[in-house]
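Here the structure is laid out as structure tokens; the discussion comes afterwards.
The letters A, B, C and D name the chains in turn, as written, and every chain counts its residues from 1.
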Amino acid sequence: MNSHNVAMLGTGLIGDFYTMTLHGQRNRDRVGVVYSRSEERGEAFSRRWGIPEHTTSFEEAINHDDVDTVVVGLPNFLHEEVITAAADAGKAVLCTKPLARTGEEAKRILDKVESAGVFAGYLEDLCYTPKALKAVQTIESGRIGEVTWVRSRETHPGPHSAWFWDSTKAGGGAIVDLGCHCIEIIRSFVGKGNRPVEVMAWADTLVHPIEAEDNAVVLIKFESGALGQFEVSWTFRGGMDLRDEVAGTEGTIWLNHFLRTGFEIYSSGGGGGYVAEKLESTEGWLFPVGDEISELGYVDMFTDMFDAMDEGREPRETFYDGYLVNAVMDAAYKSAASRRWEPVEVEWRGGTTPRIEKKAGLHDGHSIVKQETLPDGRVKLMLSHKETGEVFDLVTD
Amino acid sequence: MNSHNVAMLGTGLIGDFYTMTLHGQRNRDRVGVVYSRSEERGEAFSRRWGIPEHTTSFEEAINHDDVDTVVVGLPNFLHEEVITAAADAGKAVLCTKPLARTGEEAKRILDKVESAGVFAGYLEDLCYTPKALKAVQTIESGRIGEVTWVRSRETHPGPHSAWFWDSTKAGGGAIVDLGCHCIEIIRSFVGKGNRPVEVMAWADTLVHPIEAEDNAVVLIKFESGALGQFEVSWTFRGGMDLRDEVAGTEGTIWLNHFLRTGFEIYSSGGGGGYVAEKLESTEGWLFPVGDEISELGYVDMFTDMFDAMDEGREPRETFYDGYLVNAVMDAAYKSAASRRWEPVEVEWRGGTTPRIEKKAGLHDGHSIVKQETLPDGRVKLMLSHKETGEVFDLVTD
Amino acid sequence: MNSHNVAMLGTGLIGDFYTMTLHGQRNRDRVGVVYSRSEERGEAFSRRWGIPEHTTSFEEAINHDDVDTVVVGLPNFLHEEVITAAADAGKAVLCTKPLARTGEEAKRILDKVESAGVFAGYLEDLCYTPKALKAVQTIESGRIGEVTWVRSRETHPGPHSAWFWDSTKAGGGAIVDLGCHCIEIIRSFVGKGNRPVEVMAWADTLVHPIEAEDNAVVLIKFESGALGQFEVSWTFRGGMDLRDEVAGTEGTIWLNHFLRTGFEIYSSGGGGGYVAEKLESTEGWLFPVGDEISELGYVDMFTDMFDAMDEGREPRETFYDGYLVNAVMDAAYKSAASRRWEPVEVEWRGGTTPRIEKKAGLHDGHSIVKQETLPDGRVKLMLSHKETGEVFDLVTD
Amino acid sequence: MNSHNVAMLGTGLIGDFYTMTLHGQRNRDRVGVVYSRSEERGEAFSRRWGIPEHTTSFEEAINHDDVDTVVVGLPNFLHEEVITAAADAGKAVLCTKPLARTGEEAKRILDKVESAGVFAGYLEDLCYTPKALKAVQTIESGRIGEVTWVRSRETHPGPHSAWFWDSTKAGGGAIVDLGCHCIEIIRSFVGKGNRPVEVMAWADTLVHPIEAEDNAVVLIKFESGALGQFEVSWTFRGGMDLRDEVAGTEGTIWLNHFLRTGFEIYSSGGGGGYVAEKLESTEGWLFPVGDEISELGYVDMFTDMFDAMDEGREPRETFYDGYLVNAVMDAAYKSAASRRWEPVEVEWRGGTTPRIEKKAGLHDGHSIVKQETLPDGRVKLMLSHKETGEVFDLVTD
């Protein structure tokens, strides 16, 4: 039974979530050393989580003898440097989302870990939520037929650290912060081998005094004809809204990950303690989730990462996936500027996906558009005429 | 106390809904004559609803001496002809949605009723649902601040009559059938004086053997900067999904009109009777609404129409609104073809709407991006530097 | 087309709801005169609703020449006196819930209107909500089989007028205020001909400084074996919770009338205007309904009342129903004191209802308790042995 | 870092859930040997879960050298025998719910493990659901004030094995199978030191051809005055309904553990694979949960059990809790027969809990029943007169 010793790089909110997960339940893996740019934050973090060592040198953390795995929870603009160091040190590396600020930067990171031959996992937690995993199984089982449309929404009132708001450091605004989740969720549902072909994006800065977009809606056309659609916002009021929807030819899936999960509290405002991420108030109707690190996918994500490492296989989310996400986001920014559909420029490794199949039956050679049973038991056919294409009704006994 | 005598043109599903509404509760208005192209359907309809007369001549119905109001519930390609006849007869005319197949046709219809000086109301029921009306009040009261984004969804497995599927007769596919609702709902929420400036549309025929689109997603940019977004589908599985969402700078509104309204039934499949529009099965979990004609807006719609007539004012939904909807749909089809944003070409009668206001406060001259209270009670400011625009954290006591 | 002229007795919240309904939509009935014990409130009420006359003499209102119908919206302890006067005047009388403070008082009222031969309707609005009416249809259609259990909940933070809190004037506490609704809802769902046989009640005054109960749970056993259950509270936090549930041998119905009906608002607290009855705050997540008078049943209730009057039939809710409700409440108070099941003492006019039927099939003479299909396609029977009654598994191919 | 080697007794559905949990995620504990009364089932189970050894002798499993912990997943009537053997062997023992068939049997089991001095944990999974744990924290934080009422519901169409239906083997019907969960959930929410004083129960066999009750509603009065209420059924249609509600003086908690957790699927019926426990169909609208073993509490339960063992502390759920549950169920069966409230007979080890406090303020010496702000800003007080107790209104400026 393998266990892993982790160097945690970064002590922000995401570092807390990661460490809480690694140290949670009866887990056999542990964080052995934490790196922070600030001595004070590193010290507090190691104390908070019972981590034996802390350092302000990421090289020291990465090269620590006991450490076999490096987890990157740093701001986007620092990813390339530390991943390069980890790859050079021959350590497994798990990097938070997004992988990079641009497709180009992501490609360099991908090339680096591949040439170094180290294990690399992309920490896209929202593809690992229990609901997302079960939805993928449901789709793969054929229960909803072929996927025609996927929508992913992530909105909240805005991030907690300054660097997120600064497009130079982050690589963009709400698209980079939230859309990266949505893109990978959408890919999980339309099928990872289904090539994202083109992107159309609207993005605007409506409310906050920043350069980066605080609202965006993005459409992604896939090779099969399926449409991906995502909505992201840093100006949403009411908490954190995480919802996904999938339409298929034979069914539908609706997922609500956060605000409506069967947990409802009303409080007149007294009492105390943490309720939920991005909550705006602790009075009135509140909607927490049960176990946040489980519901947000952290538990299943790290399980897959370490199991993959132990079994010598790829994890579900790889740096290649992270690179693809950056490429789609590049196309989104380009489209927001050019105001037209833009192609996704990427080194595609997947195969090809056929067009969604139209399975219309025939009646006397005319295609059956729809069939309904009338109240009197007779059957009504709406037929598309084989020659003219005109649609007409036919009632049969 | 005025009451009105109606000529009902058309005996399809919409005619049933309209007549059920007019004859419902303690209503003082009545349908006096019904017109159908088919003697058989007209006869059955008049019997079903206790209507004194029926005819296969729409001129006869319109010009009937007792009739003061003509309600048009015919396929789209027949609207212009009968509205022209009603206007010539000096009768009030209420027309189902969409008003016409194109903006041009809608404009001719609008000009006709205006030059004839007859009362004209646009029967856009979904802008009159009790929830929509209350949401508009909520927005107007300032409770959610300025509207930044509106989404409207209408999806179901496809219409019940052949002509809907035939783009020549209907003027298009799911956009014309369902999107016309969405556009007007969005306008109600962003403000009717807020000009729709540009449209970006994706439309495709994924499942059905027809020419018209069976799926579409459309974005509408308004003068204030607000974005409207709608999703329509004739391939949805699970019933009829009618949902609207509004994001504002100070709040949020989520409306679910049909599938999740607090009415849940499980049935092993026995028993009988009507459950809900567009339902796919009567076994398993079913989600009807309480009073369909009320929940779908028909009741409040006809009340507004006749009250407006009696009070000599415009109804909430006019032929001008119908014309605008057609103009937006025209831009959508153009954009689906050109693959870029397309301007909405319309004779705009509203005023101008200022850009959504950014209300960022200042701290030492730097704009406050976000302000949070830390667990220890100190306040953390994320500030955008007045000169460099760089965003930085500042913790104050 | 008949229309009715109403004398409204009472100007409290319920008077507002009633008048709003009578004057709503395209209704042909109107309030002609309003009675209040206070000149000031009567004057304000008549101005608010455009009522031609107001008076501080209920005799004057009742005997007004134009008035054909008296609507009683007064505190419980005043019902008998005014209904007697209305019956003596030969006017139709519609009385708010509960009919009286005790079964005995209710019986006198019932006898009075019956001997006077006037039309009498019991204004139990919550049996007329669109959802309740459709649920009754669903049950009657056989869709959920035989009803085994019904639960009705009504809870909120307490009423708005002093007399409600005073058991002398009201006849009790939360049971009388809220339980009266629940009892009649339960009867609607188990079948009005299904005799309520026995009652078991828990009642306590947990929070408020009053004599009357502010919380109660009551069980009602019906002749068919079905159980009714209701929960009422004046100490609920979060608004007004109105929910009903029905379990049947072939299905299930869940109704949510108020707090979760597909209308969700988040507000940072600005803006203004009425949101919903019994709401505790106008900040945070709020859950109004679309059209309150429709959703709470007032519209369908008055339609049934006046239609019944016009058609010479009984309304759906009669004074006999009101009397039954009082009798069940009497048994509840008796049980709360005696701490055991108490019989419902009532002059029963319904018929008899057979016991819910057990429809177990047989296999080799043993009763089939349950049948399941195993993953490998074989069928597993759980059988109750015909002689010993022991339950055993049998897997068949 | 301790890890535990488990002997699993029993290979039914619960054994699967337990083993899935123990072998799940990155858990350090493992099942080393499985016992089944049937060689065939034991063999299949060990193969299914990769367990090294299986046996048809429970003594052999318990006394296996490597085993330090015995998990009991057998029918109720077998618990005492195997727990006695485990206690004699000095092994830690974790027993499924209910602990026994009666309070007397449970007491003997409790005495046995206490005199043997072995670690003993009660596997009441539904007290460990992520939502339940967070709800307990919420209550303990004071956010909803004092608990006045708790309701717990567990209903489904009936269990999967014959012995459940046989009251000799099970100790009862739906109360024993499902009510045992509810009782312990209710105790978690009203406070474990809050003594259950009296019980009132309705139980009936409405649908199935069995002796045991298939439906029951039970009320439990606690020392603080709080009421517990539970509803259990083996005749529910629509899946498995697990819901809990808590009312407090300052707030409300609503938990939905299964059928409405933000996961909704519609399927036309194709495809395959497991969807959810107790599901009746795989067509139409389906409501699975994300990760069943997490949502049903198994993960947090075993973590607490083994952590408690390692830390030398009591687990959250002990055999004493199990004994209390049996005592409450005994009172329920007694009450169902006697038709009155029955005392809970138990060796109480908790302390005493004061009555829920009424915190009414005073105004001129009169108790304030309710205070409301009128639309014009004035304050309306409903006051209980200090001498007469009469409630009257007072409007102050």
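Here is the rule we go by: a residue touches a chain if its C-beta (ideal position, glycine included) is under 8 Å from a C-beta of that chain, and two chains touch if they have at least 3 such contacts.
Here the structure is a predicted model, which means the values were calculated and not measured.
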Which chain lies the greatest distance away from chain D when centres are computed from Cα atoms alone? B
Does the chain C and chain D pair touch with the same residues on each side or with different residues, judged by whether over half of the numbers are shared? same
Intercentroid distance (Cα basis), chain D paired with chain B, Å: 48
Suppose each chain is reduced to the average of its Cα coordinates; what separation in Å results between chain C and chain D? 33
From the C-alpha centre of chain A to that of chain D, how far is it in Å? 35
Tell me, which residues of chain B touch at least two other chains? 144, 237-238, 250-252, 266-268
Drawing the touching chains as a network, do you get a line, a ring, a star, a complete graph or other? complete
Which chain B residues qualify as touching chain C in the complex? 1, 3, 25-29, 129-131, 133-135, 137-138, 141-145, 250-257, 260-273, 275, 282, 288-291, 294-295, 299-300, 302-303, 306-307
Complex interface listing, chain B residues touching chain A: 144, 148-149, 151, 155, 157-158, 160-163, 165-166, 168, 200, 202, 204, 206-211, 215, 217, 219, 221, 225-227, 229, 231, 233, 235-238, 247-252, 339-341, 356, 358, 360, 367-370, 372, 382-384, 389-393
Residue numbers of chain B touching chain D in their complex, please. 237-239, 266-268, 280-281, 283-287
